[in-house]
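Each of the next two complexes has chain A plus one other chain: chain B in the first, chain C in the second.
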Partner chain A sequence: MTATTPTAERRLGSPEVKRWIQRHGWTVGIWLLLVVLVIWYTTLIPKFGGFQTSTIITGGTSWIFLGVAQAVVVIAGGLDLGVGGMLVLTSVAAAQFMDGQSLGVILILAVLITIAAAVVNGLVGWIITVSKVPDIVVTLGSLFIYQGLALMVLPKVGGGTSGSFRWMFTGSENGIGSNPWPAIVVITIPVVIIAWWMGRTRSGLSLYAVGSDKTAAFLSGVRDAKTKIVAFAVAGAFSALAGFSSVSISGVGNPTTDGGTLTLNSVAAIVLGGVALTGGVGSVLAVVPAAMILFFFNPILSALGVDPNRAQVIQGILIVLVMMVAGVLEWRRSRRS
Partner chain B sequence: MTETRTTPPSDSITDVAPEAPSIAKRLASRPQLVLVAVLVVLIVVTGIIEPNYLSVAGLRNSLVWAIPIGILAAGQTLLMLTGGIDLSIAMIATASAYVTANQSPKGTAFAIAVGLLVGLLAGSLNGLGVGVFRVNPLIMTLAMAAILLGLFTGWATTIFAGSTRMNDFMRTVGGGNFFGGRVPWAAVVWLGVALLVLYLLRRTGFGRNLYALGDNPIASRLSGIRAWQVLVAAYALSGVLGSIAGLLIGGRIGSVDLQLVGFLLLPSVAAAVIGGTSIFGGIGTYSGTILGALILGVLQSLLTFLGAGQGVQQVLYGSIVIGLSWMYTRLASAQ
Partner chain C sequence: MSDTPNSVLTAKGIAKNYGPVVALRSVDLSVEPGEIHALLGANGAGKSTFVKVLAGVIHQDAGTNHINGDPVSFKMPNEAAEAGIATVFQDPALIPDLSLDQNLTISGLQHRDVEPWLERLKLANYDFGLLARDVPLATRRLIDLARALALDPQLLMLDEITAALTPEQADLVFDVMREWKRMNRSVLFISHRLGEVLSICDVATILRNGRDVANFSLDGVEESELVAAMLGEALAGAAPAADSGLTSSVADDTDVVLKAIDLDFRGKVNGISFDLRRGEVLGLTALEGQGQDELFALLSGDHRPNTGEIIVNGEPMVARSPYDAIRKGLVFVPADRQEALLPQRSVRENLAMPLYNRIERWFNLRRDEGKRVGAAIERLDIDTRAASQVQRLSGGNRQKVTIGRWLVEDFEVLLCFDPTRGIDIQTKTQIYELLREVAAGGASVLIYSSELREIPLVCDRVLVMYDGAIVHEQPAATATEEILLTAAHGLEVVSS
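Here is the complex of A and B:
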């Protein structure tokens, strides 16, 4: 998506500017789109303050984490349909085991659940590399398995977590508050770490190498199997963060949440964020605003006075439209090259 | 997508090698024999665990499970041959059953026609998205499921408020038996669907186009196949098959709600995968899928006797999909 046509490039001044725009144009554009939407939103509702900001950012947290999880795998040339299921599984695991515990125990549990999610999803990546079965098939299977495990961990809606843990993700002990800062911090730290890892370190950059050309990466000494496993493990950990955010908002675990729909949202977020589904292209820093925008459709539509049920339908249709436009663009790009 | 994976669309593979081939090679050339063996072993094991199972009533229970799975999996098979999948088929089935039940007071034939129209419409939209706008099939159909659920959640209290009782005709077809209560009427519907799908895949140009598209989209385009027309037709057909399955289940249960068929989505994919249909297109048969559906029907009885919950079943279905795809990939490379 970041690729501009050769004629457009020639018209834009010096090569450095040209390269910068080519590299970061999509990221900047999508952030600008988010800003425009927020400004529009403030004119739609009578009062825009801490409460509204907090609601949007808190609600968008799990979308962002799940989008980043998907982005890491797709950039490495894969696709993980299981991330939505992992969100459901980790959120019910959190609700089941954290209920009634002290904050210290809860934080240890959170770390353990995150590590477990990374190991289990890394195992899925390992199965893909060893079996040579396509990602889509294996992760469709892991999506089923995670949803089933969620039902085994917590058979029906219930469980809970402590107020202070909910505060970390929502800025309030009961999930609804007017303090957006904890959520902002909780989003920023992991995203900045992952963006630094993918842009500056050897192991992070190998994701791009494997995603854009597996054979070339292998010939230049990148181990593609290891890279894929690492990508899936990171996706598992980020899905767990998304699960914690979702349990912090609702206060309970719900094993019947449809993980497939959540996965769909994550794929739409990365497509809007300029990550090519063919792998090797994109930045998690553009996925963050893209995920926010997709979540943001909902409050905007209700501010416009649309019935919540209908708002959900419109949100679904908008997501499909995003995918359609991306599909046509990708097809045209592949024809040109 | 290598040339070695091109399997002719017929089941009659005559692979008689002069020297004794390895066991893996023999099994790979006769995958359906393995499936029949698995089916028999499962029936025997279930019979050992619960001796009452080996009776007309017990086996019919498994068949009643297998019928809707088999019809839904027919849709999955058609689409998987093209390299696609339909994750909206269960929601299409639910929506069709809901509309038919709701419109039943206006006449049985009208209600059934409207119900089938829902599947045709939703399926065609899927086909347009995949075939014309080139949206990834998984994403298109997943989104279709989300949209249908949203629409019907709203419509359930507005334009489709009122009766959720299925009409008596569909209740008989979906839940009734004949031949002294031994054979479910739904089995006749499945037989009709099966003959139609087998005929389409083996004897018609449409069927050959499905295999061609899945096996090599570029070659099929160069040889003049209009991919988008084939895809729209395939997805529309899958939608109608979903409607038929939805009406049968609505008839069997008697009344409808928005969670009616959702639990059969995973089994429908699993049945096609068990039957040896490759999710990446070009390889598979409906006869394999029928065996897959029957295996899942028996498995369902076994799990019920063992008292396994829904969670265990989902984990099992997921493991089956991964495990068998792994096995089929190994067999394909052994060949």
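Here is the complex of A and C:
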């Protein structure tokens, strides 16, 4: 290999750059797709400013958090159908307990709810590793349980939170404004932390190891059970963040929100984000634009004047098309090497 | 066996069963500082199981293990590494979807920890940003080794590390081993290549049937003596084929059903040719990783040869998938019984599966076919209480189902890959009888077996593979374990 390196370098220019693009091709591509869609969208509507930007980013926040939650579990070789239910449960818990409290108390409550969500969902991961029942079965159960608990915490639409807490997730005290920055910050910090953890640390890389090759992971000293529990706990925490975003936008808790649909959106987001459903491959940094794109479909289609009833069909077709294109590219790449 | 107080490793009475199958009966082993210790034995002697126990991959059922005199019991391989045992396993332990650098992070290492060793292995400037799956196997083995060395263990265990390496790369590994020895560290070395064992190792422990049967210094020992030690004296009276009454001789002029001509495949199969005659049971044996897996993949239609031809009944076979091979009459019984069966379905459905291959039978089997399935179940003598789900059957009964499902459909050649691995002796006998019956019924059988002593029991003729080529051929009746093991090590068979 020492003999081939110089010639390869001459032919390819900088191999590091080329490989970086190849390795992170999906992430780059999906961000580009988002940029193209945004630019296109600005030409479709008469006015595009802070308000429109804020609406899209704020609305997409919970999609992003839920997508990241799902991505963490799927990269570790699992699947969590419960994330949508956890969003509903944490959002109504927030609305129930935060209503009328001061910001200090609300922030403490937010931390407590996040920790509780992590512990409870980690317990689901533990049940899976101990019982050896497939993830899809156990988390289908947890989805129903979370949804049911939500109705027990808050029987009907109601509750609320403070304006300053809503501002943190929406840039406005009443949930709709023209300042996208708070939402951008609130997305960026946890996502960057989780991306760093998964890409650079021993415990974070263990998620990829277990999802990629269980036997090799075990031989490298990675504990399968512990890793799975950690993945589910992180998913629970991110579902709670999604719940806070949701309650900040609407200002109330709604226990009748369909968590199942939210879960399916999170699965669509990770698939579009290039996370392999078989585990071990993908990046949360690509899930962020993918979730944004999925959320963005609706405003674009309504700007185009498409009947909302048909919008879902078109959305489904577009997802399949994108996946097919990606599949062909991947196939060509593997044939070349 | 020497048992000095300063031994690096002292294992005593290590035993391990997998269900009814005994992998290790009782193994004692001690490794001294500054010693390169060879662990030798025929296939299935228990070498890899023993290494896995020492490395903390599996737990022994009985026996004790001491490191530097302290008792140890590991739950995970990394615990063994912390205690001073690092292992390069037979299966690559690098995570395919992570880069090499990330793989180091997983083991708690940094690139600079492995650098000095990479330099010695001529990988100093190797690109560690590559995904492990894109790295050639031989390089992965060397990086595995560098990683194990960087853990700075007192005892390094190398399970078949040279199998995937070129001679030049193997020499680099030997240099590192010598250096390791100079540092007064120890190596436990497993290899099928007896020449390299003699040139690099100081002492050898021989395993046979899950026991340590010999332990001696390698000074002045010859390869043939090692083979003799692996076989042991017990073998002198091994049951010859004639006694079993199972084998039959097939006349040379019987028509050839399957003919392989000069098969080549990705450097793993190199110019293999053979004939399989009607009604013949042809045996094939080899050490692990000599290309037998690839040869069976070619014959069963899973891969296509790079060059060469497979002729079935006088017609060349070009198989795009196993379906084409099955249509030609070549049916395959894989070693992994899970691979071939529908574990949640009944024995009956599994047996009928090949029949559903024809579209006109998707909804209804013909009446006589239903009967044939029923007859096959009876023939296989399977406990029907467990028959509602194949996954509840024992390994032996599952294997009978994998063979039996081909009995309900006509076929020309049954390709069996290690069909009796991990199966109790009674079921083994039933499988031998089944195979002989298949041959007596006019079909042919090609059977790969890693158990040398079953070759004369069931085969008419035997081929031995080494390094992708057939190195030996003879009638099975006179194929002693000694001859087969000698040939399988690529050594010349001296007719006595």
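To be clear about the criterion, the second predicted complex is superposed on the first by the 289 of 337 C-alpha atoms of A that agree within 3 Å, B and C clash if a C-alpha of one lies under 4 Å from a C-alpha of the other, contacts with A are read in each partner's own complex, and residues count from 1 in each chain.
Operating definition for what follows: a residue touches a chain if its C-beta (ideal position, glycine included) is under 8 Å from a C-beta of that chain, and two chains touch if they have at least 3 such contacts.
Computed from a predicted model, the values in this text were never measured in an experiment.
Trainee: Looking at A:Asp307, would you say it contacts chain B, chain C, both, or neither? Reply first, second, both or neither.
Mentor: In the superposition, A:Asp307 contacts chain B only.
Trainee: So, A:Leu264: does it touch chain B (first), chain C (second), both, or neither?
Mentor: The first partner, chain B, only.
Trainee: Touch test for A:Gly221: chain B only (first), chain C only (second), both, or neither?
Mentor: It touches chain C, and chain B stays clear.
Trainee: For chain A, which side has the bigger count of touched residues, chain B or chain C?
Mentor: It is B that touches the greater number of chain A residues.
Trainee: Just to be sure I read the superposition right, which of the two partners does A:Thr201 touch: chain B = first, chain C = second, or both, or neither?
Mentor: After superposing on A, A:Thr201 lies in contact with chain C but is clear of chain B.
Trainee: Which partner does A:Gly25 contact after superposing on A: first (chain B), second (chain C), both, neither?
Mentor: neither
Trainee: Just chain B (first), just chain C (second), both, or neither: which does A:Ile136 touch?
Mentor: A:Ile136: touches chain B, not chain C.
Trainee: Which partner does A:Gly158 reach: the first (chain B), the second (chain C), both, or neither?
Mentor: neither
Trainee: Contacts for A:Asp213 in the overlay, against chain B (first) and chain C (second): which applies, first, second, both or neither?
Mentor: second
Trainee: Once bound in the complex, which stretches of chain A touch chain C?
Mentor: My answer: residues 1-2, 5, 15-16, 19, 23, 199-202, 205-206, 208-209, 211-213, 215-223, 280-281, 337.
Trainee: With touch defined as at the start, can you tell me which chain A residues reach chain B in the complex?
Mentor: 81, 127, 131-134, 136-138, 140-152, 155, 255, 260-261, 263-264, 267-268, 277, 307, 309-310, 312-313, 316-317, 319-320, 323-324, 327-328, 330-331
Trainee: Inside the complex, what are the residues of chain C that reach chain A?
Mentor: The touching residues are 57, 76-79, 81, 89, 91-98, 102-103, 105-108, 122, 125-127, 129-131, 134, 139.
Trainee: Provide the residue numbers of chain B that touch chain A in the complex, in ascending order.
Mentor: It is residues 87, 129, 133-136, 138-140, 142-147, 150-151, 153-154, 266, 269, 273, 279-280, 309-322, 325-326, 329-330, 333 of chain B that touch chain A.
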